[in-house]
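Dropping the structure in here first, questions after.
Lettered A, B, C and D in written order, each chain numbered from 1.
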């Protein structure tokens, strides 16, 4: 895709800010420790966790792109898929089998959502569909925990959570985060390919523009929806695995959806690369702020900082980084 | 209307060398014409000629890159939407832009928003000034409803109205502002013969009863030639001709341009 | 069927623009007031007053506020909780800083502070639209809660971060907050405040301000072109909406729970109120009340359903079931009537007015 | 009976202005609300207007034309003229310029008070033909600002003139009022004239006021009635019910916003005293039935059940007869579930008294309203006697009679069945037309109605058969009363108009106009596609439908020894709707029989031949006044006829 010049500028501006602000903070305040290795360590850690946000944000983008639905249930999907995976694994299925089974389940979920919810709400205003997805979220949260119980479950992929040292010991990075980053990268790549080079992918893009177009591609709308929700389910599963093995499979997984939202508006609802770059910016920005700014204002700011960052950003670019610009006509 | 001698005054609005473009797309190219107080001025041209954009420039919704607009002797590079409305420029839209959730009455009432002086708190208690105003403006609006003969749909949500009536209500909303200049963007598009006759009558009556200056975009050549005092012709952003109907009708360039489209 | 409109004609605009133009509606409304002001305080149990009526009224007020912003002005907001919190903590600060301030001043003062904050967070709405705005409003939600949680000043440095309403009176000696306050007094006070503000809301939406809001909602470009100022109109909506939410928050903290922590107004509260106006009906005063009643009563119903049915289920199971059924019902409602209970009500009324004709 | 000071309209007005100054006299829905004027306000308005007319030179005995929809100012024009001793002459506002020209000229109109530009344009068009018109006053200035003729005046300006005039000549109006008395001419009403040119019926104050008062006395009307003025001002009924009686009783008249809002305004006002010709009641009923068609199954069956119950008991209950307890309870339930709301949404729920007249009304239509508890009654009368001849007394109301003679009215039937009467309402004369005056009024004051009828033995009520001159004979000698049969046909909702032929012929045949709305609905429910009236009228299914109606009528006729011979043998469904603009109907929508016979001679000949189809060309006038040519092939259908004595089907001709 063609990237406008000012997008580059904006990103550069962000990077400069992220360097300059902590540095000055370090100079000004004595309660803040600053040196370059430490800075990069934090920044990289942030970027890596940003990738994790991107993973969740991707789910939103897929569905918004293909059906214009602001899918608030993505968090619930993450939780549900993770719960299912672990649950099946605990029932004695080998991991790989459990994973395949879970994919099957996510497909069924997609079918159910299309059949019982979206299919019945065709041509409704966006806010109605949005509310419906909140309904779905509630349902899945409850359902998942009824099926698999609500106590915290461990999910071990056999990758050490222990920090490893890099650049001859100057900077320590969590291997797991690296692994997650790689997985996310693969995810994005395959999605990009999927959208660009497969017939279905193109159809999905068409739907985003207008539904007639989609039909002309020869795939009925409800199929498209099932496909896209399934894909979103799989993305959710991956995110679930990553987050699950990081912090254990439990209800709070559903809340990481809230983490993904700022990423979403920063990157633009309709852009896959936006979700990634947005994730990186938010992740890095959040961590840096937490370390180099928070001490001055009492700490614990990560629950809102991302939002403020996104909000401030939106004021200058209301459609997000890669969102289409709206030319108003009368 | 035979025995009426309408008085057309001096220039109230003049556009000089207006050029407008979106990114690489040039919509208006060096357009110049003026509008006299009290006349009916038409802009015609095939689809995509930039007619609607012209109106959008006049009421400040689009800001041209080049040229100047002289309104009431005051020369400026571009108009400002809110100022334009405040200084007596009202308009209707090509694709009806009514407030679907409201009744005919309320839609026309919104047209008077600039004239309402009572503040939030007075309206919150809906007493004294606020209520007095509501009643005064209701009276004005009822006069418009009466004028446009839409009494029987007064309280119908506009969403439920047939197309022709929606057009009328939109005209009513514009009239409610008691404008000096009224911009009409294809007021008769998609109407049958009787509806067109009604609408033409209304336009003439408005121009005549209230002395409102009217800038009209319309495809129906018959109507345009009957109503207009002067016509300017655009084609793909370029100005082909400008003058009285007969002159324009016989202009070769215009004829050629119109051979393209079905007219 | 019950409506009789022949011979009901208006000879003045004042009469024609009244809120209730049909006699039967006036009687109906009178009946409702009679029940609310006389029967309920006289006959309903502590539980009903304290655990149902109070939260119902207060959340209805918050829903009213959100409905002004989202239903009438078309600005989707997920920040309700934040503004309620602002109201609650402002009220606390006012009441504790000026001990002999009258409770009405405290409550409405809190509302005004919330309004100011609302305006602040409303400014971006001039450029940001739709879901982008919705997410942006979450910023205010999280930021405000964090702020009240983080800075002891707001809670007068109480260790627990919990604020408790000081005892306050009206008419000199009737306690409406604090331990001495009777539920009836609390109820009557809340009811009066809510009724007055509901009337205010009605007045606003039936006068120019309301028309400007709806114009912006239905077709913002056209609205701008006919001279409606975007910024001030939207900011008015944010201000009024936040004022209502602020007052609701103050009432919640002072009269309903008596003491709260910021988490009482977390994002789930925002969603709860959003549900109310969607289920109740966007752009309808009545809708706010219907929605509130529904969302308050449903969980209670679901909670007691098992015992009523004589099943005994583990409590965590019950809460999960609640989640499920709640979600399912939301969806069900959206499918049956996307425009909410208010629309159903309106349709029923239309039917009765046209009776026996179908249309 | 007329106590002196109250024997003219100006005096009546003055009386009310004194007696009930703040009682609302007249309302008009304008600018969204019901603008109201009290009696004292009306009196002031009339005074200034009268002064204005006087200063424009309107003098005793001169004529003021009044043209437009029911508007307060036009009603005031009448009183203003009467104040000066001048004579108001209301005209039908929808007549075309030519029709007006005749009356304007014939009535020697000096000043015309008209509603709006439309009427002004008509008058200007025919002005050269009526040079005696000196001034034209218009109520609504819309679109007239550039009309600069000196003789055109805005209503307000005239009232302004009036103020000055009244100030300068303080006693003028009172003196003029004093000069008038009961036997002075109050008004001239032109009968639409089913044949020939319209005639100006001259009526004195006593004619109008005494008749009006008698009506009020007989029905016990009060000053608190509400009536809706929606029928043409030129029509005697409107003049009696909404002008004369309002002035006598002092009740309030309401003028609808415009033509398109009448039904809505009717509901808003909810009149207590209502008048409508049968066709209006008919339309309302048709509307009700059509709207109920779309109701849900359950609701519809409930509706039908209770309507059935009402049909059985409603009339009895209304007439105060005894019904079983369960029936009356069921009726009460029905009143809650159906009758009440139904009446209310029609705007008829407050009615104390409703009249219908002018034509016979279909029995089931009549029963429908009475069964709902609406006290609708038939009356019989004509312009020549200011309406009231016969009225149905409460408690004895039948669909097929017109009741017993009204107060002070004597009625006799002459040998050839024509109805004659004497009454205080008997008109002064036909304006400038002594010979027809003489031919209608006998020296000893009896008036020939031109209607044939007889007194029903058991009820003692008068029954109308038909126009006396229309009652003819078939060649086989049996009596031929076309109107009577046409009405029977028109009682079927599918049939809008019918014209019968048969005088001096072997048997009778009929033209039929189907009711586009009713038949259209019927067709849609059977998914018959049709493109318009002509198409629908031509369809064979429709012919079957009508044929069935005709058959029923014939069966009905066959039971009557006098009329059984005149059963309909053949009929056609006319290819166009009979239309006043084409002169086929009068402005009151009565059929111009002879004109139609002339116009469609081809078809009549075809009817009496044995063709079964006929090609016809017709000149038609469109709404905008343009004319065009209509061509169609009209099918001709035979109808089943029954032998008069024993009812067995015999094949058609």
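Simple rule for what comes next: a residue touches a chain if its C-beta (ideal position, glycine included) is under 8 Å from a C-beta of that chain, and two chains touch if they have at least 3 such contacts.
These figures come from a predicted structure and were not determined experimentally.
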Query: When A-C is set beside C-D, which has more C-beta pairs in contact?
result: A-C
Statement: By Cα-centroid distance to the whole-protein Cα centroid, the innermost chain is B
Field: chain A and chain D: spacing of chain centres that average the CA atoms, whole Å
entry: 77
Between chain B and chain A, distance of the C-alpha-averaged centres to the nearest whole Å: 48
Query: Once you find the CA centre of chain A and the CA centre of chain C, what distance in Å lies between them?
result: 33
Query: Between chain C and chain D, what is the gap in Å from one C-alpha centre to the other?
result: 58
- prompt: Hey, what residues on chain C touch two or more of the other chains?
  reply: 13, 221-222, 225
Statement: Among all residues of chain A, those touching at least two other chains are 330
- line: For chain B, residue numbers touching 2 or more other chains are 61, 93, 97, 138-139
Residue numbers on chain A that touch chain C, as the complex places them: 70, 116-117, 120-121, 124-128, 130-132, 134-143, 145-146, 150, 258, 261-262, 264-265, 269, 297-301, 303-304, 307-308, 310-311, 314-315, 318-320, 328, 330
- prompt: Can you list the chain B residues touching chain D in their complex?
  reply: 1, 3-5, 105, 138-139, 142-143, 145-147, 149, 151-152, 154, 205, 208-209
Query: Can you name the residues of chain D that touch chain B in the complex?
result: 30-32, 142-143, 145-148, 257-258, 260-261, 264
Of chain B, residues touching chain C in the complex: 59, 61, 81-82, 85-86, 90-91, 93, 97-102, 106, 109-111, 113-114, 116, 118, 120, 123-126, 130-131, 133-135, 138-139, 173-174, 177
Task: Write out the stretch or stretches of chain C touching chain B in their complex.
output: 13-14, 17, 200, 203-204, 206-209, 211-212, 214-215, 217-219, 221-229, 236, 240, 283
